[in-house]
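Accompanying notes for the structure given below.
Going in written order, the chains are labelled A, B and C, and every chain counts its residues from 1.
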Amino acid sequence: MAKYLLRRLIQLVVVAFIISVLVFLLVHLLPGDPAAQILGANDTAHNRAVLNKQLGLNLPLWHQYIFWLKGVLHGNLGQSYLNHTPVTQVISTGWPIDLELIIISQVIAFAVAIPLALITSRRPNRPVDNISTTATFGMLALPPFVIAPIMVAVFAVGLHWFPATGYIPFTQNPATNLHDMILPSLAITAGSIAVYYRLFRSDLISTLQEDFVTMARSKGLSPRWIMWRHAFRPSSFSLLAAAGVNIGALIAGTFIVEFLFAIPGLGYSLVQAVNQRDYLVVQGITLVVAVAYVVIQFLIDFLFTVVDPRVTRE
Amino acid sequence: MPDDRELSDTRSGGRLLGDQVPGLAAVDELVVSRQSETLDSDDVLARKPFGFLFWFACGWVGLVVLAAVLANVLPLPNPNFQNYNALNAPPNMHHLLGTDDLGRDLLSRLIFGARVSLVVGFVSVAFGMLIGGTLGLISGYKGGRLDVALNAGSFVLLAFPAIVAVIAIVAFWGQSLFKITVILGVAVVPLLFRVVRASSLSFANRDFVIAARTMGATSARIVFREILPNVVPVAITFGLITVAGVIVIEGTLAFLGLSVALPTPSWGNLIAEGTSNGALSTNVYIMLWPVISMFLLLLSINLIGDRLRQRFDIREGLL
Amino acid sequence: MKARLKRTGGDTLEFKDVGHRGEPLLVVDDLHTSFRTGRGTVRAVDGVSLTVDEGKTLGVVGESGSGKTVLSRSIMGLLPPRDVIKSGTVRFAGHDLTAMDPVQLRQVWGAELSMIFQDPMTALNPVKRIGVQITESLRLHLGMDRSEATATAIELLRSVGIPSPEQRIRWYPFQLSGGMRQRVMIAIALACSPRLVMADEPTTGLDVTVQAQILDLLAELQRERHMAVILVTHDLGVVATRADDIVVMYAGRIVEQAPTKTLFKETRMPYTQALMDSIPRLSDPSGIRLHAIAGRPPDLIHPPKGCRFAPRCPYAQDKCHQSEPPLRTAGSPDHLFACWFPLVNGVSTAPGMSSGSSVFGVSGGSGTPGESADASTASDQVPPAPWSLADTPIDPDAGLEPS
């Protein structure tokens, strides 16, 4: 167990290192003098000198990287050249919003997908099953930028159930915050429901055909007990893996809904920064999101060791 | 829609992942293999027909492709021509799908917008398949140090959330049709590499390959004559599903205003245009047409991919 | 949605000691089981009747695909109802299992009637500790609490020969060897002291020495607990020393049925004879190819019209292809067989077969099926025998296992 996690931890560090190198090199994708590009209209000789010093741009490349990495590890990602806010501050106000969106959507997705799969997998190809399977197949073709506008048109503009834009922090008014988050969360939930349902259903169906389920039946256990205590766990491995893979799609989804509903999360800040050529903000958010993504994958690997005893003991 | 009548079909039918997930660069590991060794013609004849929906899906994809290719010769107004006499017009004889708030013809914008999605989708996957597929084919057959290195490399690249990487590169490098296509083409290389490699690996030790080897066939000959024909169905099926994934990523970028620059229409920025600044309450058609078209396009590609996978008897699994 | 480990609904069934009333423990009468498939109806079990007395062992033997697994699952009532057509009755300890509802059946399963599966790797839940897999039935059927059940499970594991059961109880199946896993499975099946255990190829995946140990263990536990066992196998050698009676199945039907000794001494069915010949013998030099029966079992969707074995039977005559031989007795009433031209002292009574040599000509599976099916000429074409049945009588008491 410890050995397995250690190995994964080393992998995590290596990948994080490679990510940091690539993100660092982004600045050098800019044509011409990076400092001039980054400063844009605010360009003065003094500013440029400050930035060159801050980024260490006059040093050799690998030296620059060490310099930059040191800053990053000390929590210094540079500052926005528009309003001089530190990038870390942009990130620290943004990430809780993304997390909230992702958590709400995932809770809903699992709460819908798992019970539905438990019901339909017991009797495959009945009407309920056929309807769910067809509906989720359709939902696979509804990425957030397609379904969110439809939802806004129907529930915000048409029915006035929810505001079309706007954001009130959770700390300020939890009830309003949650109410306003419903529509954005639902918009990124559709894909997750479809993926989780389809995967869990087909895995349950194959698990229920396993010998050990027949064995459990031959012990006289009730169908419900067999479903929960014998079939559920062995069927959940791909579900867990899918949840990990799905984080990528969710990040894209939060960017879409933050942009659409003007919710000031990381995605909103990122898109604004790109449009305003605020390069250090783009670089900082990219680094943080990419590393967070890798860490989440690591956590999911850890969950695997909890769910499947074979992972670490074999 | 997918009629999973038999349990064995449902088993594979449920594992549609890559097609939905825009972060498809993150699909961790796909184990892909085909059950039957080769496609012999008797088998093909004995299989059940594709069905009405499959041909309907092919029809829709074909129609979109055809319209996009012929956009310049079709009798359409310039997509950026502003007809001030018809602002926010509903569908009518002159503008079959209506006009937007600047009086631009929505049908024309829809058709020209399709070009972006399709070019980015198909060209980048073709590029990715050329590089990733070739590497995967060789890596899977040869094994050894090359395989270990490429495999590790693909894992690292897949550890990036695709959307963030693409946005960052677009931000620093610039946004044009060419650049977006290249970026997404590179982004799908590790994914297609893994798929083709897994498939190639599953054939590398089959009897007919070993037989060819003992008869003294060169590696190149084995890879291209024996393995490639068997890998092609897997590559086509997954390539198609990847096209859907890339179209989703491009649409996401375009929606955020980070794909091809305005005023060039693309489905993603058309949807954004039709959703923002109160456009929804004044003229819902701006958003509606690209939303419907995109939904049908993705649905059709998924459906075709799903049917092809059933037909080719491809089993895939995560992990 | 919470699942509880408790018997729910239905009255508690009472199991009478049927032995005293002269009724066998298990009475299967004219059991048919078919599967509806895309290609047609598969008649996997086609009219099987048998009985098992309390404490006795019945061996069920047949090639793979002859319907043994379907038979044992049909007797238990374990087959999922979808696309399965069943008829006939199964009376167990005075109750008609075929008439029971699912709730009642669950009171019987595991408690009075349990099952040992062929492959313990797939039949044990891979992600549950073996202890839990044993205590489940104890808590369900015997109403034990957790600690009581755990203590009992440890004793059970000890009794099936698992060393240091206190630790092993927390292990997962993949941490055990194949033999150990099968012992765990036996412990699970016997946990509630059932009266009848169905063992479906319990040792097929194991190597020979482990096979013998497991079968001996089963026999010993059976004696201690006075339970009946249905031992299903494709290997006549496995049941030769262990079964009281043997039923030979072919293509979903019983083709010969007799007390073990009688079956070996007075084999009547050519198919049984062929199975006997495929028993590996210790005296054989290692590596010798066993005599496999040429050809394959018939298609169960369209079985042959007459005797189902006729396409592969070297003695087949016109009559065999025309009409099906009934299961009948000749001589002793407990010896039944279905053959028009039964063997007598290893020699067929078919016309033209009096030369005293037997004709199971093909071995090693290399023969072409259906060659002898050409009935009109079968009697003229007597291929030379590579071995002689009459020379190699098998003594069931000789002991086929290494000692």
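Definition applied: a residue touches a chain if its C-beta (ideal position, glycine included) is under 8 Å from a C-beta of that chain, and two chains touch if they have at least 3 such contacts.
Keep in mind it's a predicted model, so treat the numbers as computed, not measured.
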Remotest chain, chain B as reference, centres from CA atoms: C
Highest-count interface - the chain pair sharing the most C-beta contacts: A-B
Distance from chain C to chain B - Cα centre to Cα centre, in angstrom: 53
Separation of chain A from chain B, taking each centre as the mean of its C-alpha atoms, in whole Å: 22
Centre-to-centre distance between chain C and chain A (centres being mean Cα positions), rounded to whole Å: 54
List of chain A residues in touch with chain C within their complex: 115, 210-212, 214-222, 224-225, 227-230, 233-234, 307-310, 313-314
Chain B contact footprint on chain A (complex, rising order): 14-15, 18-19, 23, 26-27, 29-30, 124-125, 133-134, 137-138, 140-146, 148-150, 152-153, 157, 164, 191, 194-195, 198-199, 201-203, 205-206, 209, 237-238, 241-242, 244-249, 251-252, 255-256, 259-260, 270-271, 273-275, 279, 282-283, 285-286, 289-290, 293-294, 297
Chain A-facing residues of chain B, complex: 1-2, 4-5, 7, 10-17, 19-28, 156, 159-165, 167-173, 244, 248-249, 251-252, 255-258, 268, 271-272, 274-276, 280-281, 284, 287, 291, 294-296, 298-299, 302-303, 306, 317-319
Chain C residues touching chain A - in the complex, by the definition given at the top: 1-5, 8, 73, 76, 78, 105-111, 114-115, 117, 119, 122-128, 136-137, 140-141, 172, 174-175, 185, 188
